[in-house]
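For reference, chains read A, B, C and D in written order, and residue numbers begin at 1 within each chain.
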Amino acid sequence: MTYLSTAPLSLDALLAEVAAPHCGGTCAFLGTVRDGPEDGGVTAIEYSAYDAMAEAEMDRIVSETRRRWPDARVAVRHRLGLVAAEEASIAIAVATPHRADAFAACRHVIEEVKKRLPVWKKELRADGTATWVDPSGHPSMVGPQ
Amino acid sequence: MTYLSTAPLSLDALLAEVAAPHCGGTCAFLGTVRDGPEDGGVTAIEYSAYDAMAEAEMDRIVSETRRRWPDARVAVRHRLGLVAAEEASIAIAVATPHRADAFAACRHVIEEVKKRLPVWKKELRADGTATWVDPSGHPSMVGPQ
Amino acid sequence: MNRVSGTAGTAGTVGTLRVRFFARYAELVGRSEGTLTVHLPATVSDVMSRIRDEWPGTAALPAQPLAALNLRHVRLDAAVADGDELAFLPPLAGG
Amino acid sequence: MNRVSGTAGTAGTVGTLRVRFFARYAELVGRSEGTLTVHLPATVSDVMSRIRDEWPGTAALPAQPLAALNLRHVRLDAAVADGDELAFLPPLAGG
């Protein structure tokens, strides 16, 4: 199983993967590269990963999700490389017999991905600058304190 | 705006409707006709509605959702007529700047739809029988008690 | 509960309503709509009682069905007015 | 904290590690990986201290970075073993 892809993500493909006759509710999540007024003219994001660990970690996240929601069918892909504004960097689909579990399990996957997946992003701006993103909000500490 | 459709639903169309540069998180929900082992051989569901009220009620649900999550972009379609097993009866897409709102607003829409939309379904089975579905679980009370 | 015709005699006004039945209720009643003239003031519940007495098949409806007035959910004690569209709704099953 | 070479003298065993840097850390350090031989037992933290003393550019790394050992997140007090792959990870930004 490979969870990483340098090609554009297809939510339809993930939906087809999780579809099953006994699953009446499917929740999907798409994370897309923002370029809103507060995003400073981001034209694209370059995603990179610790590939082998990202695959292993995603596999653990999916396995844990299936253990916690045994009826859930889960599919997820993370894109790497250059992703243009408004394109998807991650796509998740979860199908379950009942909708509450679909929402909960899908949310669980994205939260765990954010916490655990060894993936990094560099924002590329129209003015030619590039910045590593630290989602914790503070600039990365460098050097001994 | 029409929220009702007798044609198959396209989640891609809804995703395109809600996409916006400042929205980095999109949550989608698909409700599909089940035919699991516990569903007694359902081959299709015939959905019918109080059309004018369903349109009005859906418009109120969407407006309320936008008021509660002002940054949310919301699209929803409910299918009517004959819907085969594993096809979608409802599709919802909600895009927001941040993902927590996308999940919450999307969940809100489906919960309100379940509670308020004047839509009914008749399950058609392989053995030729048809049953009106009462999601509350008890058989419909008929006659004065 | 009194019938509409017995409670609104003094006001002297009447209203004409379009009454609709959907899904299973339409099947039970054997029709999907009808027109009813009632003395005002009257509530949805008053109209329901009147219909149950006068329209064949409506006895099969529950005593307290879901109701909608002019495309909105209403309680059974909501007042009706001339020209209103009143609908009786089986348990909802959308989504 | 003592350096590995100072704490594991009695055991006498050594281990060879593959050490990797990613994203911003690779840029800061000016390389994405290297090989290091350490005396065992040793923790991730011990290795980190040793690297900071010996490898140019690594002084720019934070004192307590995220670390992964053999493709799993680990705490800095986790023990390393011969043949391990140890990675230092900048703040994660997936999703």
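The definition used in the following text is that a residue touches a chain if its C-beta (ideal position, glycine included) is under 8 Å from a C-beta of that chain, and two chains touch if they have at least 3 such contacts.
A quick note: this is a predicted structure, and the numbers were derived from the prediction, not measured.
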Q | Lowest number of touching-chain links that must be crossed from chain A to chain C | A | 2
Q.
If I average the CA coordinates per chain, which chain comes out farthest from chain A?
A. C
(Q) Taking the mean of the CA coordinates per chain, how far is chain B from chain D in Å? (A) 52
Q: Round to the nearest whole Å and give the separation of the Cα centres of chain C and chain D.
A: 77
Q. How many angstrom lie between the CA centroids of chain A and chain B, rounded to a whole number?
A. 26
Q) If you average the CA atoms of chain A and of chain D, how many Å lie between those two points? A) 27
Q | Residues within chain B bordering two or more other chains | A | 31, 110
Q: Identify all positions of chain D at which a residue touches two or more other chains, and write them in rising order.
A: none
Q) Of all possible chain pairs, which ones touch? A) A-B, A-D, B-C
**Q.** chain B residues touching chain A - in the complex, by the definition given at the top
**A.** 11-12, 15, 19-39, 85-86, 97, 99, 102-103, 106-107, 110
**Q.** Of all residues in chain B, those that touch chain C in their complex
**A.** 31, 47-50, 52-54, 56-57, 78, 89-90, 110, 113-122, 132-136, 140-145
(Q) Going by the contact rule set out above, which residues of chain D touch chain A in the complex? (A) 20, 22-24, 28, 52, 59-63, 68, 71-73, 87, 89-95
